[in-house]
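Before I ask anything, let me first share the structure, which is written out below as structure tokens.
Chain lettering (A, B and C) follows the sequence in which the chains are written, and residue indices restart at 1 in each chain.
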Amino acid sequence: MTLLFDGIAYGMLLFILAVGLSVTMGLMNFINLAHGAFAMVGGYITVVLMQRWDLPFLLCLPVAFAGAALLGAALERTLYRPMYRKPHLDQVLFSIGLAFMAVAAVDYAMGSQQQIIQLPEWLRGRTELWDGALGMGHYRLFIIVVCALLTLVLQWVLTRTRFGSRLRASVDDARVAAGLGIPVNRVFALTFAVGSGLAGLGGALGAEVLGLDPTFPLKFMVYFLIVVAVGGTSSVTGPLLAALLLGLADVAGKYYVPKLGAFIVYALMIALLMWRPQGLFVRKGAR
Amino acid sequence: MSETVLQAQGLVKRFGGITATDHVNLSLQRGARHALIGPNGAGKTTLINLLTGVLAPTEGRIALLGRDISDLPAHARVARGLVRTFQINQLFASMSPLQTLAMVVSQQRGLGGRWWQRLGQDAAVMARCEALLALFRLTEVMHQNTAALPYGKRRLLEMAIALACEPKVLLLDEPVAGVPAGEREELLHTVANLPADVSVLLIEHDMDLVFEFARRITVLVNGAVLTEGTPEQIARDPQVKAVYLGHGEELRA
Amino acid sequence: MSTPVSPSDWRAAGRWRWPEGLLWLLAFALPALWPGHALIVNEIAIVALFAVSLDLVLGYTGIVTLGHAAFLGFGAYCAALFAKHIHPDPVLGLAVGVVAATLLGALCSLTILRGSDLTRLMVTLGVALLLLELANKLDGLTGGSDGLQGVVMGPVLGRFEFDLYGQTAAWYSLSVLLLLFALARRWVHSPWGATLMAVRDNPLRAAAIGISVPQRLAAVYTLAAGVAGAAGALLAQTTGFASLDVFALERSADAVLMLVIGGVGWLYGGVLGAVVFKLLHDLISAWTPQYWTFWMGLFLVVLMLVGRERLSPARWWRARGEGA
């Protein structure tokens, strides 16, 4: 049961980290392998704020979001936009380049050691239920709650707001949407910013659970890609389910067969891709 | 004595809720000059894709030279003699016309697996290439980069590639579409002079070409065969006139 | 790019020209002229071989892969294990590495037959990471994260001992490079090679002229895996050591970068790219290791923004006449 709980926490975290990637892939048809860098930025912002300026943890979270979002907006406008029309291989190499730059810059600025986050008192500790059959770390509980709330907000924005419908229209067919007067460029920019912000938030939240060091973007990139690949790019629920599955599989795998570690995840991904090679990044409708 | 070289029976293709091909029966005789016409969106290219194996039919069978090919992959059908051209040029951007044809002819002669010999060394292959280049008036441009050729030349190359496959049955998908008037002549001339024993199915919108070329015409509307017959019959058919007059085209009597 | 090439130039494609002979002569002379740098020559030869193998797959056939190091690593570990536990003869070990990697390539080729560029990217990456995990976990056999140490090689062909300067290593690697390079050259200039390029340029049309696209993909992937395995075997044999990073994403990405630098789609692109890359790497790494990743990242970003094709030396070569 504890495994289930931990798996869900991990999965929700992965979802928040990866949902931005999923939406930008679906929206801009752009493979952004540097997405993990925004998560890393959020994590390091939190660390710096807590260690240098004694900011309480909870306050750091929105700052992490904002910081990563601003960075995302700036980069989208300047660097990403010219790359939208280029072939996918170029986009991949480009974003890998960005990721490398981020990794090296952070390594230089902050050193290569793991960063430790001191959680506030009320988030530490554990509650045991049913004679220890279910052990809920309070922090993981916190993660689940926050991520669930965020998911609900996302779903609400997508379905109930004007921005949401503009976004969905642009995902379906950007050209037609532009023809209808939807400011597609602004939709792109805002979506990219929010997606990066969410990644930053995820990085901050996840620092304690996943670890935080300069190699974070590269280490976890495969996981994000799996979430997007399996979950698809045309909804929010798809990546959510995929992330939960992945979280559970990873936690269970590491517990039951520690010898194999991440092997299971990679093997699963390969099998899935071979079974549904067309299922990835396929956009419904014309482009 | 004419034998059926290509036979499609009950071909159906559905995409979700759309029936693109609706129980089409088509029969091509040896040496045929058969045209397939119909308004835009009638499903002509879809039919070609089904015949060549690019698309799998929802229902129906296809036989080539008496043998069922419905389950054969596209490249295997080419080996049996079923060759097509594309409506939009499908060329190999990095190779010159000579290289392209050399490659195609080598492949056709079963030399596509030869890895130890240089391309261009086999005299018989090169002779065939040179003949094809001459036939399609591509000799002056044979070393140029395909991407740099004018559209008409590329269209000629498109057809040359198909001929290099030594087809028994040739499916031409709008061969003169978009070709400027000056270069049409070359193309039309070549189409008209295809070898007599090659069976040709031509998709075309240009009615002049159709009536000049075809001995038999099939009319496709909304994925289904409306009617089939000789050019004279088709020209007189009131149904066909309705379909075309409704689209603003006139048929020659 | 439409300068007509004269017929004699075209027929000469694939034939060795004298400047090339000079180049290779120079390469072989280097370990003798500068014995202190023989080790670098060795490294460059190995990396160039790896890049050439990637060119076959990526440049000539258009298979997008970020996991080609899977075969480099597999060849390395198999050769190392063979030398350690069975027989220290280098050429035999090289053969083992090549065969092992070829078999792995044949198996993995099943994964790249279908799907878009992105699918292939992920699948190939996944395979390499999978092998890395395997090598990590099977630490009884592979030494895990410490790597496989203590690989002592016998003399090459029974006569040439591996010396401390690395001269034997350099000549050994250069010979293998030359051999496989010449072989690859035969392949790409043959009718078979032309069909590969057809698959790259237009798989739809390739099928429409009778080429079995899956067959070509599988064949070239398998062969290229073997060549990469040779590079891996050389690596393990000449350094006496095999470590996990031989499977890492960085290795595959390095090779892609070398091809981007040297030019995709001509074999010398791999060689040229390897030379430039290695020299730059050693130069810049002398400052700090972190800087290297940064500059490489920057280079990639700038290059992609500017446009890959503009910088390709391969185009200059082709304008003159078909090259390697």
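One rule holds for everything that comes next: a contact is a pair of C-beta atoms (placed from the backbone, for glycine too) under 8 Å apart; a residue touches a chain by one contact, two chains touch by 3 or more.
Here the structure is a predicted model, which means the values were calculated and not measured.
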Topology of the chain contact graph, where touching chains are joined (line, ring, star, complete, other): line
Chain of greatest Cα-centre distance to subunit A: B
Chain occupying the most central position, where position means C-alpha average: C
Inter-chain centre distance, subunit A versus subunit B - centres from mean C-alpha coordinates, in Å: 49
Rounded Å distance, subunit A centre to subunit C centre (Cα mean): 34
For subunit B paired with subunit C, centre-to-centre distance based on mean C-alpha positions, whole Å: 41
Subunit B residues touching subunit C - in the complex, by the definition given at the top: 52, 54, 73-76, 78-79, 83-84, 86, 90-96, 98-99, 102-104, 106-108, 111-120, 141, 143-145, 147-148, 161, 164-165
Interfacial residue positions of subunit C with respect to subunit B in the complex: 1-2, 4-7, 10-11, 13-15, 186-187, 189-195, 197-198, 200-202, 204-213, 265
Subunit A contact footprint on subunit C (complex, rising order): 64, 66, 110-111, 114-119, 121-123, 125-127, 129-130, 133-134, 136-137, 249, 253, 256, 260, 288, 290-294, 296-301, 303-305, 308
Subunit A to subunit C touching residues, read off their complex: 31, 79, 82-83, 86-94, 96-105, 107-108, 218, 222, 225, 229, 259-263, 266-267, 269-270, 273-274, 277-278, 280-281
